[in-house]
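What follows is a structure written as structure tokens; I'll ask about it next.
The first chain written gets the first letter, and so on, giving A, B, C and D; residue counts start at 1 in each chain.
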Amino acid sequence: MHPGIIFLGVVVGSVLFHIFTPWWWTDIASNWGAMDDTINLTFWIGGGVFILVCLFMVYCIFMFSYKEGRKVEYKPEDHKLEKILTIATTVGVIALLAPGLIVYNNYINTPKNALQVEVNAWQWGWQYRLPGEDGILGTAQVAKITDDNPFGINLDDPNGKDDILIEDDVLHLKTDRPVKILLRSLDVLHNYYVPQFRAKMDAIPGIITYYWFEPNKIGEYEVLCAEYCGVGHYAMRAKVIVESEGNYENWIKEQETFSDLIAKQESNESKLTLVAKSND
Amino acid sequence: MSDEYNQKNTPLEAQSSETMTDISGTTSKDIDYVRPAELPEQDLYHGHSFITKWVFCQDAKVIGVQYFLTAVFTGIVGLVLSWLMRLQLGYPDLVPFITAEHYYQFVTMHGMIMVVYFLTALFLGGFGNYLIPLMVGARDMVFPYVNMVSFWMFFIAVCVLMASFFVPGGPTGAGWTLYPPQAILPGTPGSNMGIILMLASLSLFVIGFTMGGLNYIITILQARTRGMTLMRMPLTIWGIFTATALAMLAFPALLVSCIMMTLDKMLETSFFMPAIIQAGEVLDYGGGSPVLFQHLFWFFGHPEVYIVALPAFGIVSDLISVHARKNIFGYRMMVWAIVGIGGLSFFVWAHHMYVSGMNPWFGFFFATTTLIIAVPTALKVYNWIITLFRANIRMNTVMLFCLGFIVTFVNGGITGIFLGNVAVDIPLSDTYFVIAHFHMVMGVAPLMVIMGAVYHWFPLVTGRMLSEKLGKWHFWFTFLGAYSIYFPMHYLGFIGVPRRYFEMYDSPYVASATGMNEFITVAALIVGFAQFIFIYNIVTSLSIGKPAGKNPWKANSLEWLTPEVPPAHGNWGEKLPVIHRWPYDFNVPGAKEDYITQTTPPSEVMSAEVEKT
Amino acid sequence: MSDNSLNNLPGGFKGMSHDMGSDQTAFKGAQWGKVMMWIFLLSDTFIFSCFLISYMKGRTSTVVDWPNTSEVFSLHVGGVPVPLLLIAIMTFVLITSSGTMALAVKYGYERNRKMCGWLILATAIGGLTFVGMQVFEWSKLIHEGVRPWENPFGAKQFGSFFFMITGFHGTHVSIGVIFLFIYARKVFRGDFDNAKRGFFTTMKSDYVAIEILGLYWHFVDLVWVFIFAFFYLW
Amino acid sequence: MDEIQKKKQATSTHKLGVYLWIWGLLFVLSFFSYLVDWFQFQGLLRHSLILIFMFLKAGLIMAFFMHLYWERYALVSVLLWPMTAVVGFIVLMAAEAKYTVFTRLLYFFIGG
């Protein structure tokens, strides 16, 4: 069999695989449809180039396989052709890059009305902090984390008092409201990634990173850690529940704020001292 | 003397400076004129005992073979590790002895071995050492002693690396990128001795490589034979040269990050370590920046990709040209593309870090520079296929590997455009799409070139041909197998399966991936076993292969023109060769044969219409 | 040979394109060893650049105060603190040794064995003095409680970067000193005049080796200029 | 080779005065950069003075002590062009460092 046929088969097979593949995007559940669009654009242009190049190659090996005394072209350079190819490639590259940069510009500029959510990542789990009624998260430092202050909130920061603390890996989000995810890591690198939302960013100890998206489909989504973070990496899951505004408000009312936590601890302490005293 | 310098001396003009037009007025002696030697004969040390001839040998060809064999040995270790990983991913119940710790150690060692100790060492240490002196017409590398030390440094580095398999805690499992903080914290396998040995081994590798790299660069720049201008060098040499130059400038960043991480681990400095609470305990670190490591690492890491790719580009250009019996199309552009890609590769590193939490504005800069690099790369691909057009293509094993390279490289290059474009990268990064991309583009594609190159140069090294029949089987198994491993794997990435997962999980939308994982594992095992055909072919051909004789491929370049095959120490016998043309004069109109070797003086091929380009 | 001599080659940028387009050598008249040292130094420059860039990143991004170097590195002379006194002396010593090295290269090419040897020896002693003062500086800081992992005057990274960068530079100086002593001996013994073969490499000795050694030594000085500016003065 | 060496010698032997001059200049420049600290200049003035003296010293050492001034441009350009990669690295890392300290201050201390 002529090798050209097999190479042709590889190209045709790749195209067919792409057409009939059962493996494709998960249904998008956020505003980042534009990312899918840029990927599709890249797919069409890139796929087209792949097919053209490979078909041309297959054509060449069919037409010009070895024959004693075949007349071979001797043409070391062809400036015109090279120029055309350079320009065509440059145009193609610009066509891919420009939309990508526009989407990226949206990605790094968070809308003003975005709800802030701080995700705390550690080996190997997640917890969350939401701003209270003031809409502002209090400052916090990893070094200040204690058993009594699981998020390391600066005690002298008034903004932190009403922060809502969720010591659980399930996060609820309102549908159709942009969310700015602030990522804080207590130990190593992590990445808060929900495939359906498309967006992702690493959590790095030592700085705060962010990204934003707007969930627009009610449902439950699995969170995966997408940056290798040690042996438990593959098991580092969490859950995001996107729900209607009403359900969300009900959920948030049940959550504990930082001042609740402090109050509870103080009453515990006073109970303890009472017990201690009564034992005297 | 003055004429020589007053004459316009653009490189390609020199390549065929005297053509039909000026024959009439000049004598044949003049058209064969080549400048006299600038340098005295090289002073060589000839080994006289077994040890100085074969072990601590100063002959670049022997050193090249030593590099080759050591690299192939580590490569086989890497191959076995990949099998174990694939077994775990495809059939987790079959291999219960592979724990998560083991899996991550395999991932790490596989990656590091393949990128650094296998591909880099093979291309530059192996092919570089063997081919550079032969192709530029030198008797040996310029500093044979340093070259010998370079190999033994590499050998020690490999020993240290392999030793880490046997220390308590095992080798490091931090991923080949060795990102801190996890690389040096408990919670990652091998975070004590494993990581220290890894960093030590890398440092040794860098030191050893620097010695070799100085040799390669200076041999190419300063020890070429008479008539060998830079623009008459085969593209193989251009690829190896540029890659070595990149390595000399990129490895320092690796060395520095290794030193700093070693200090973080052993002295508890805080270069990369911010305040950390692990398992409820506050560690003694504070104020450092993990992203700094990533920048340093990728400032090395991205050029490293081209350190592997550029020699492959160069070698494949030569193989295509020889076996298509046609000059490489657009030689000058190929050279500039190699140099341009090399230069640009220092300004694109953070495209590996789009979702790393670096300064978000970097995305614009790095996406732009990255896509600019796509232009010269694409031009190289065009030139390869245009070379095939109206050629006379020998469909032998070497050519098949070249064609396999083109297919896999174009595929991997295009997925590279996905990942280089920042907005497209965000959903795809850290998924199997990335794995598929880089295995296609810097795993399979360079391997195709390496194998093609082995089939091509084996007759030179040993004097015997490899079996074509076995070679074709080997090719189809490897090419089709590898393609069916990595092409479908992209689609796992589209689903969103993250990389470096010990276990696929029961999430509903990836349940469908199980079947594909099993398929990939089976394909990986087959491709791996197919390599034993290759090894068998090499071993048997050493003794029963068809004697090759001189220049069996009818190539033009210098390495085939030595007085003895295989070439002896000193390469050229009595007199150094004199070069009159570039190495791509195939099927020149008017010439009797379909090739004109580089040493053929113009007066011998008077009727050949060598085109003035 | 005549048409190859350097004098007949075009100079400047025209010379550059000529050299690059010519056969045999790209750097006309540059001996292999010298080019090797240059390329090695280029690579080494990248090492020090990476160190200093890391230092810049570390120093800028720490939120803890960076110690005031002119106080930390001051010496008390008669009870009065003189800022950076020791560093100034070290700079002086290193530049002096650089000067003697430059002259040694010159006399080497003039085949003035005595002068060359003594100047190399002087350079070596200068280097040794520098290392000695660095040891003093290190022990002073260690005495004051600065460690690679901690620093009583402020940011932890100060200690880490100080010991790492000056340590790496000091290692370069020490290696240089060792080679200076070896080469001083070789010069006095007349190896370079008799083209004696090297013990390890079996290659013939040549006075070019002194220039190569000089390049290395000046590079060490050059790096110090940057360390002095960025670490001590900035 | 002989010719080249002779040429080398010819240029080398003439230069004692040059070496001494450069040597002196280096001392003066080092003294000046020391004075920057002595007079405790601050801010932009300090940093620009430090950089100017540093580059002058580095340039003198490279040009004369390391003979770069007398080398052919081919070597000089091969040595200097790679520095663009270092410059790019410095600029980008400066931006990165600024960004790091910005997020640290904002989220750890200032808030809002």
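By our rule, contacts are C-beta pairs under 8 Å (C-beta built on N, C-alpha and C of every residue); 3 or more make two chains touch, one makes a residue touch a chain.
Predicted model only: the values in this text are computed from it and were never measured.
Here the chain-to-chain distance from chain B to chain C, counted in touching steps, is 1. More contacting C-beta pairs link the chains of A-B than the other of the two pairs C-D and A-B.
Taking the mean of each chain's C-alpha atoms as its centre, the chain lying closest to the overall protein C-alpha centroid is B. Averaging Cα coordinates per chain places chain C and chain D 13 Å apart. Here the CA centre of chain A is 33 Å from the CA centre of chain B. In whole angstrom, the spacing between the mean C-alpha positions of chain A and chain D is 43.
One inter-chain figure worth recording: chain B and chain D are separated by 35 Å, centre to centre, where each centre is the mean of the chain's CA atoms. In chain A, the positions touching at least two other chains are 141, 206-207, 209. In chain B, the residues touching two or more other chains are 39, 249, 286-289, 291-292, 295, 299, 361. Taken residue by residue, chain D touches two or more other chains at 82, 89, 93, 96, 98, 100, 104, 108-109, whereas all remaining positions touch fewer.
Pairwise chain contacts in this structure: A-B, A-D, B-C, B-D, C-D. Chain contact summary for the complex, chain C toward chain D: residues 1-2, 4-7, 9, 11-13, 15-16, 19-20, 26-30, 35, 38, 42, 45-46, 49-50, 53, 56-57, 59-63, 70, 83-84, 88, 91-92, 95, 98-99, 101-103, 105-106, 109-110, 211, 214-215, 218-219, 221-222, 225-226, 228-229, 232-234. Interface residues of chain D, counted against chain C in their complex, comprise 2-4, 7-9, 12-13, 15-16, 19-20, 22-23, 26-27, 30, 33-34, 36-38, 40, 46-47, 50-51, 53-54, 57-58, 61-62, 64-67, 71-75, 77-79, 82-83, 86, 89-90, 93-94, 96-98, 100-101, 104-105, 108-109. Those residues of chain C lying in contact with chain B across their complex are 1-4, 8-10, 17-18, 20-28, 30, 32-33, 35-36, 39-40, 42-44, 46-47, 49-51, 54, 57-58, 61-64, 148-149, 155-157, 159-161, 164, 168, 200-204.
On chain D, the positions that touch chain A within their shared complex are 100, 103-104, 106-112. On chain A, the positions that touch chain B within their shared complex are 2-3, 6-7, 10-11, 14, 17, 21-26, 32, 34-36, 38-39, 42, 46-47, 49-50, 53-54, 56-57, 60-61, 64-67, 70, 72-78, 81-82, 85-86, 89-90, 93, 96-97, 99-105, 107-108, 122-123, 141-143, 145, 147, 183, 186-189, 191, 193, 195-196, 198-207, 209, 222, 224-235, 237.
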